[in-house]
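Take a look at these structures.
Here chain A shows up in two complexes: once beside chain B, once beside chain C.
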Partner chain A sequence: MNPSYRLRRLLTESSALLILLVALLVVLFPYFWILLASLKPVDLVSRPDVWLFSPSAFNWEEVLLRSDVPRFMLNSLMVGVVTVAVALITGAPAAYSFSRFNTGGGLARFSILAAEMMPPAVLIVPLFLLMFRLALLDTPVATIAAHLTFVIPVVTWFLIGFFDEVPRELEEQAMVDGYTRFQAFYKVVLPTVRPGLAAAGIFGFVLSWNDMFYALILSGGRNKTLPVAIAGFWTFRGIEMGKMAVAILVAIVPVLLASFFVQKYLVKGLGGGAVKF
Partner chain B sequence: MVTQRSRFPLAYRMLLPLAAVLLAVLVYPLVFSFWISLHDYQLTALQDVRFVGLRNYLELRGNGSFWNAMRNTLIFVFGAVTLETLLGFGLALLLHRPNRYRDFFRSILLTPMFITPIAVGLMFRFLLNQQLGVLPYLLGKLGVQIDFFGPGLALYSIILIDVWQWTPFMLLLLLAGLESLPAAPFEAARVDGASAWFTLRKVTLPLMKPVILVALIIRGLDAFKVFEYIFAITRGGPGESTESILYHIYKVGFRFFRLGEAAAMAYILILITMALVVVLYRAMRSAEELP
Partner chain C sequence: MAEIRLEHVVKRFGDVEAVKDLSLTIADGSFTVLVGPSGCGKTTTLRLIAGLETITSGHIFIGDQDVTHLEPKDRNVAMVFQNYALYPHLTVWENIAFGLMARKVPKPEIEQRVQRAAAMLGIGNLLKRKPRQLSGGQQQRVAIGRAIVRNPNVFLFDEPLSNLDAKLRVEMRTELLKLHRELGSTAVYVTHDQEEAMTMGDVIVVMEGGVIQQKGTPREIYFHPRNRFVAGFIGSPAMNMLAGRLRQGEFVSDALRIPLEVAGPERDVILGIRPEDVQLPGVLPPERETPPVTATVEVIELLGARAIVTLLLNGQEIRAVIEERHLERLQEGEETQVVFDRERLHLFDAQSGERLE
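Moving on, here comes the complex of A and B:
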């Protein structure tokens, strides 16, 4: 290898690394700054020039021990778990049916995709009136119903891709062994797509956990979810900002941890058995 | 048993739970919403709901606020998605090269897309605030004075926030697309002594076209729903300069309680969405036929 070639190669490699490092900084700095704000004593939160200080646990204690944030977190958790449970129970058999029998053909798959993309503005008005009539406004039921409208299609779309990859011989063998088709699905196919179920479940949970639009309008009172509670820190009063930083971290840390588990399944899931990336 | 099965096959029985739930929470509200859009339906006057035919739709023609929100949303979607695609593709190309730290970079760079948008909105409101934000402070040291959320600039600042959160999504899809490309065309280009730029333009881009199209449409559809950043930062202001279509519908429906009008606007939105979903579905189908 001649020296000029090696020099050029070194230059491209290091500039590529440099760009990636800048991107890394852009992504990480907001997290860092919000973490810093959460640890600042109250009088320093509004001081962008202060980067070094003795950390204070005041904001964390206020939010975790003396506020309603933990309760709102439990609300979010409950809404997410119930939504995902319903989505998996209804979505898994449906996805299997789409994958194996091509039930409803292209139109059915198209409908699932269309439901996934449905703008929330369209459903919020009728859902609000429906919940109002049923006296379910400001209850978790209202939020769960709304979240089902997008979590079910996402989970179903996700699972089609995973079922497509299970060889048909698997359930054919199970049926030779005396299982019915449904038993073969339930006892043989379902366990083999366990990673797909987990990824779809976690992704669906993240979508429910992150929603603010539906939760704000359908249950913005006592039974609010965490994102709605965070939105309540809008006032920006000095004392509130440190607490806002804590509430933000409480909302995003669990999701960031979950993201490391689902990242590698995400592409297959989004493609829904259509796009083979 | 056999006759029962043939009358109602397993394929449909397995679909029943899904169909039942979606009928209740999705299809019924959709139909109900259309019915509402044909009425003078105000939350403050529920006893006095009157049928008005297409009036809610026809009145949208002269509704400046609605078209302003539509215009803002189109600028937002176009600006954000373009930037995200370019940046995402660039980063994907960089990460596609053999690199020891690849997985580390990728897993960190993807994190913003998992965060609740309201938290992202508040984070950046705090970071970019003119008095107490760290970015205006640092820029001030360099002699630059910017009010990120002032008149004229606020919409573009919100585009940048969206770029922070959603470039990772483009990176994810485009990197996966690059990794699944066949090796042979690239080897042929190398044997022929093609430059990196030529290979990118004549080999990579044409092969990536279906994946880019799918990623663009999914992201575009999602960007149309922008709400949280606006709710967290500007509440539509200054004036109506950052009102998105979703924020406008929220305001008309749940601040002014004019549900009939809100439902009509939402139905216009459905038409746009469905048109894009048709294109998306076709694009996904054709991406499938690729090697």
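Moving on, here comes the complex of A and C:
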């Protein structure tokens, strides 16, 4: 290799790294700032210019031990888990049918995402009236129902690509081996797409976990979810910045962990069998 | 154990007729090979027997039972796919036992049968592995083990050896045949490889365009191809085809005149000669030689004991398989005399492609 080529390569590589480093700092800075805010003593919370202080656990103790945040977190967890369970039970057979039988043609495959494209404001009025009639307002059921409107399509879309990759021969073999088509589906096909199911489930869970709009309007009272609770620190006495920061961090951690596990499958899932039309 | 009978079977995919009014009886205990180019309907026929495709019209019988509308699971057939279709989430043991579990065979018997099948195939030491930890040849054995453990009426093979390398493929052929002799079940084997068909089949069924072109023993198919398609498809290198006219019991084409023992009216014909029946003068017994013709040697490809020699005859390329010890008489680029084996000439009608006797 001649020296000028090596120099040029070194330069392009290091400048690329520099750009990435800057981007990384920009992305991480808010988290860092929130972490600092959560550790500041009460008198310094409203002073973003102060960077050096002796950290205090006051906010953490307040939020985790003496507030309803843990309960709201459990609420969020419950809403997310039930939403994902229902979404997987309905979405997996739906995705299988799109993948194997091209149900409804290529158009149907894509139009399941239509619900995603609709602004939530369009759905919220009918959903609110429906839940009011059913006397389900301010219950987790209302939130779960609302979350299913966008989690089922996403989970279905997500899984199509995984089913597309399962060779047909696998279920045909099972059928020749003595199983019905449905048994072949759940004994052979489903276990084969287990990573996809996990990724779709986690992705759907994050969507549900992050939602504030539906949760606030349909169930903003006793049974609120964590995002609604976080907004609740914006009180008439001002924003309780320190406690809010703790709640935000508590809300972020599960999502971060989840994303870490599914990152490998995310791109594939989001492609959703788009290749095959 | 059972005979398979297909009666006027038709399979349509939309506008495409993949199998056209096919009637075929596959004898009990035979090893029948369906062979043909891709898209000839051989795989569809196999899948119809398995029940993996619904039949458009006609009937399929296995033994005395009409299975036309039975689910695959109720036909007691076993199938080996080209890509093996091993269940990736199960161990080898579970893969082999999977079909027995579906049939609620008692546990101790499953264990016994899996062990016996594994021993037959020499995979007893792999039972705890997952498919992805196996080589291609081992996966193939597991797929076969899964079929034989079920003790089915019929074995269906869909190009099971295509994904193996050449050496292993030849080994597995022999092994499959041995297994078949041991088990005695009816086997239907689909391949596009005419050599595989020749070496493995008791009976060969040559298909093209959804229609059976010829059914017969390997010898019948090779030495008495019923039409031009079968003649050209079976055999490697392919049969030489010379266009000409049949005139007063003679094949006539430009400078060629070859006397034949075929009567009949004058017409356009195709003369088929297998490469091994194109020889240098003096190699064949004299009474079997046709009058010598002059050809130019284009290329000599030595295979070892024999060579494929490409000759230019009357402006048409033909191939000859010549034994190595005769090669000294040939030189690339130079002319030579060749003769054909009179007893092994095939004559086909140019229009219909049918064989003329």
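Here is the rule we go by: the second predicted complex is superposed on the first by the 268 of 277 C-alpha atoms of A that agree within 3 Å, B and C clash if a C-alpha of one lies under 4 Å from a C-alpha of the other, contacts with A are read in each partner's own complex, and residues count from 1 in each chain.
We adopt the following convention: contacts are C-beta pairs under 8 Å (C-beta built on N, C-alpha and C of every residue); 3 or more make two chains touch, one makes a residue touch a chain.
Quantities reported herein were computed from a predicted structural model and do not represent experimental measurements.
Steric overlap between chain B and chain C is absent once the structures are superposed on chain A; the two fit side by side. In the superposition on chain A, A:P48 contacts chain B only, with no contact to chain C.
Of the two partner chains placed by the overlay, only chain C lies in contact with A:M175; chain B stays clear of it.
Shared-chain residue A:L28: touches chain B; no touch with chain C.
Judged by the touch definition given at the top, the superposed model places A:L7 against neither chain B nor chain C. More residues of chain A lie in contact with B than with the other chain of the pair chain B and chain C.
Contacts of A:T192 after superposition on the shared chain: chain C is touched, whereas chain B is not. With the two structures overlaid on their shared chain A, chain B and chain C come no closer than 8 Å at the level of C-alpha atoms.
Within chain A, no residue touches chain B in one complex and chain C in the other.
The touching residues of chain A, when paired with chain C in their complex, are 167, 169-170, 172-180, 183, 188, 191-192, 194.
Residues 16-17, 19-20, 23-24, 26-28, 30, 33-34, 37, 45-49, 86, 89-91, 93-94, 96-97, 100-101, 103-104, 106, 109-110, 113-115, 117-130, 145-146, 148-149, 152-153, 156, 181-182, 185, 206, 209-213, 216-217, 226-227, 230-231, 233-234, 236, 241, 244-245, 248, 251-252, 255-256, 258-260, 263, 266-267, 270-272, 274-277 of chain A are the ones that touch chain B when the two sit in their complex. Note for the complex: chain B touches chain A at residues 9-12, 14-15, 17-22, 24-26, 28-30, 32-33, 36, 90-91, 94-95, 97, 99, 101, 105-112, 114-119, 122-127, 129, 131-134, 136-138, 164, 168, 172-173, 176-177, 179-180, 210-211, 214, 218, 221-222, 224-225, 227-228, 231-232, 245-246, 249-250, 253-254, 259, 262-263, 265-267, 269-270, 273-274, 276-278, 280-281, 284-285, 287-288, 290. Chain C contributes residues 50-52, 71-73, 75, 77-79, 81-83, 85, 87-89, 98-99, 102-103, 146, 150, 156 to its touches with chain A in the complex.
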